[in-house]
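The following pair of complexes shares a single chain, chain A, combined with chain B in the former and chain C in the latter.
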Partner chain A sequence: MTAQAMIDEWYPVGLFSQLQPAGRQTALMGEPIVVSSDADGNATVTGGNGRSLPVLVRYGHVWSSLGQPKKALFPIPEADQPGRRFVDVGAVRVRCSPLRAVENFLDIAHFPFVHTDILGAEPHTEVQNYKVEIREDVDEVWATQVKFYQPQAAKSAAGGITTEYMYRVPAPTCSVLYKTCPPRPSEWDVITLFVQPLAEDLCDVWPWMALFDDDTSMTDLIHFQQTIFLQDRSILENQIPRLLPLDPGMEIPTRADLTSIAYRRWLKRRNYTYGAQLVAQ
Partner chain B sequence: MPSDTTGFWTPVALSADLPAGTVIPARTPAGSVALWRSEAGRLAASADRCPHRGMRLSHGFVRGEALSCIYHGWSYAQAGNCLRIPAHPGLTPPETIRVAIHEVAEADGVIWVAAGVPASKPPRLDGLTPLRSLTVLAGKDAIETAAGGKTSPDGLVETAAGAGGVWLLAADDGQTLVHVLVRDDAGTKDRIAASRAAESLRRRAENLQREGIVQ
Partner chain C sequence: MKLYDYILSPSCYKVRLMAALTGVKLDLQPVDFHPGLEHRGPELLALNPAGSIPILKDGDLILTESSAILVYLAAKAAAEWLAGDKPEEAARVQQWLSFSGRLTTSLGGARLHEMLLRPGDIDALQAQGISALRELEAGLVEQSLRGRRFVAADRPTVADIACFPYVALAPDGGVSLDPYPAIRLWSRALRSLDGFIEMPGIHRLHELKPEPLIETGEA
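So, the complex of A and B:
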């Protein structure tokens, strides 16, 4: 397990809206870091040995890196679209590999069992065929035409609907989900999962949303997402092993897991193995 | 605990703590198991890991005669074969998808799980009735010192003057699962007294362990 290939990536390290001059102590890939604001209100991130780390502020979050990022942060064009509400959900700390947290986010087959009567319900358990590809031009994993019956797809949904999803993995610990927007059928709601790897087996999950919903209060929107992620945490902290197994013999996927298969393949190919287990133990 | 060359039994739970239609986690020297009882009352023990995505099966649920994983609902029979994958309702799961299972025995109100294939049955607990189980963060030696007795080959420790009942031990890696048993003729007062005495014995054993008086 090496941090090498992932060290030059951008990672979320906190909410911009919560920055304090006194700074907040956290960690990035095992290194203690401090995230604070300077006299002008700009975000600064300091590494364990006092060195200044790269910083940028985007999608409500402060981003940093222990290495030297060679690429700009991945684009989310919807973040600049007028009329959307941007929701800083905050952090959920999970004792699992950051890669397992992302993989769970890409999974729909668990909805009826883990998010019962919200994102899924028996007997509507079938996962229909969908399309998955690794888009070489942008170096991202994409799943499209994902459909699932949901009793309450969003806070703004009045009743059960068949929801359509698209998933994107633009960075090893980040995913962007595009989902049917109940009040505006021509648009997609955007829900992201930004994962801060504290260690190989510990992470802070920072969900963020860009929605068309003018009615629901900010508190209710945040509570809805927190409910979902706390349900996910009860799974993520009880998977064995805690690291994501990249050895194909270790776990048994089915057709419903095509996104997860592509994600694991992409991680392996790019050597994104921080938080992964390469050989069965 | 009772053993022979081919395997041994571990007392993992009391029958009363596993009603029909439930699953609980249990520790054995052979690893963590999901111990479950079907709605018809049949007992089974499987490896505590769903082979699909590694989720602990002891967090799952029992419906009818099957144990299901809480993550994606994959369900397993007592024999360990996968019966159903809800994401693909039309698919008959291949034989290769299965969980390892352990032999289970139940007698005198205690459930035993086998590591390996024991040649004999688990010991009988004649004249004794299970009262409750508790986990003690101490090894066998500290427990024996606290209880003032030695462990029999069947894993039983007589507590001093019998005040704390008889203890049936399942030691594992620095902690010990203790099943407190009382005489069949014990009345309510005796049972309450044995339960309280067991808790004070637990504190004494844990203190001994912490202070390093016994290893």
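So, the complex of A and C:
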């Protein structure tokens, strides 16, 4: 378990809208860091030994890295699309591996049991076949043609609909979900999960959304997403082992787990193992 | 009746749960508690100088203490949730209503620290929470020896609703409920009540739902 391959990645470390000159103490992969704003209101991030860390501001959040990022932060073109509303959901701390937080976000089979009557309901429990690939050109994991029956797919949904999803993992601790947009069938709602690894078994999760919804209040949009994520949190904190197993020896996946399998393979291949268990114990 | 509400607040959930169990209709006004800190903004501070939620507004009446709100809802809609005329029962209801404040500061404080990054001495909060849970466990065991399933009587009262949410959500603050069988049975009894509603982190009892109808003819 080494941080090396993941150290040059960008990670979310705070909401840009909540930056304070006094700074907020947090951590990144075990190192204490301070996220603050300078006299001009720009974000600054200071590492444990006082060194300045790389900073950028994108998708409502401040991003930083303990290493030297070799590439720009992954693109989300919808973030620049007029008419969308951008929702800063705020951090929720979870005592789990940052990789497990992402993997849970990629799973749909749990919807009827954990998000009952919102994202799923019995007896509509079947996960239909969908497609998964590791796109080598962009170095991302993609799942497409995911379909699921949902009683209340979004705050803007009036009743039950079969929702279509696309999942994308563009960085080891970030996932972007594209989902049927009830008020605008020709567009996708964008819901992201940005995970800040505090330690291998502790993370702050920063959900963020870019939605077409002109009717729902911002507070209602935040609460809808917090409801969903808090239903997941108690499950995540009880997963064993705490670290995400990359050794296929201990688990037997099913077809519904295709995205998870691709994600784990991709992590292993790229040596993205901070928060992973390499050998089953 | 308007409730200034936050979906993740156990104290707000007490009010929503009480209203659901007694058939009272609430007009919910969502408050951006996290990350917006709207409860500390001028509009809500004018209603409640303590800067906390829930706040219940019914005409000219403004209530800011969740136990008082529970009593108000019960008195209006379902008096059987209040203490009867027996002195001992009346005292027990008051005892556990006051006790619920300790759950809020200890287990509630641990939960805010562990989940929403609020400041606090986590070790002290968890230790105080465990001490309160042990007291509740002992109280419930004594009640069961008297043949009663609930904290103050042989029926659920406002005192049960006042104590239930922070107890059920103790694991959110890193405090396990594994050592407390009487608490788990009590939690099950409350979750089985007609009209029970859930909140994130408090799941419904799936086994109480009717068997799902399996459509025939599918592979």
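What we mean here is this: the second predicted complex is superposed on the first by the 281 of 281 C-alpha atoms of A that agree within 3 Å, B and C clash if a C-alpha of one lies under 4 Å from a C-alpha of the other, contacts with A are read in each partner's own complex, and residues count from 1 in each chain.
Just so it is clear, a contact is a pair of C-beta atoms (placed from the backbone, for glycine too) under 8 Å apart; a residue touches a chain by one contact, two chains touch by 3 or more.
Not measured: the values here are computed from a predicted model.
Undergrad: Who wins on chain A residues touched, chain B or chain C?
TA: Counting residues of chain A touched by each partner, the higher count goes to C.
Undergrad: One more residue to check, A:T216. First (chain B), second (chain C), both or neither?
TA: After superposition on chain A, A:T216 lies in contact with neither partner.
Undergrad: What is the contact status of A:S37 with respect to chain B (first) and chain C (second): first, second, both, or neither?
TA: Neither: A:S37 stays clear of chain B and chain C.
Undergrad: First (chain B), second (chain C), both or neither: which does A:R233 touch?
TA: Second partner only, chain C.
Undergrad: Looking at the overlay, does A:E122 come into contact with chain B only (first), chain C only (second), both, or neither?
TA: Once the two structures are laid over each other on A, A:E122 reaches both partners.
Undergrad: Tell me the contact category for A:D204 with respect to chain B and chain C: first, second, both or neither.
TA: second
Undergrad: Regarding the shared-chain residue A:F113, is it in contact with chain B (first), chain C (second), both, or neither?
TA: It touches chain B and chain C both.
Undergrad: Could you tell me which stretches of chain A are touched by chain B in one complex and by chain C in the other?
TA: 113-114, 122, 234
Undergrad: Note which residues of chain C are touching chain A in the complex, please.
TA: Per the stated touch rule, the residues are 6-8, 30-32, 34-36, 38, 114-117, 171-172, 174, 200-201, 203-204, 206, 209, 212-215.
Undergrad: Taking the touch rule as given, give the residues of chain A at its contact with chain C in the complex, in rising order.
TA: Residues 15, 18, 88-93, 95, 113-114, 116, 122-123, 204, 217-220, 222-223, 226-231, 233-234, 237.
Undergrad: Give the list of chain A residues in touch with chain B in this complex.
TA: Its residues touching chain B are 107, 109-110, 112-114, 122, 125-127, 234-235, 238-241, 245, 250-256.
Undergrad: Residue numbers of chain B touching chain A in their complex, please.
TA: Against chain A, chain B makes touches at 48-49, 51-56, 59, 69-73, 85-89, 91, 97.
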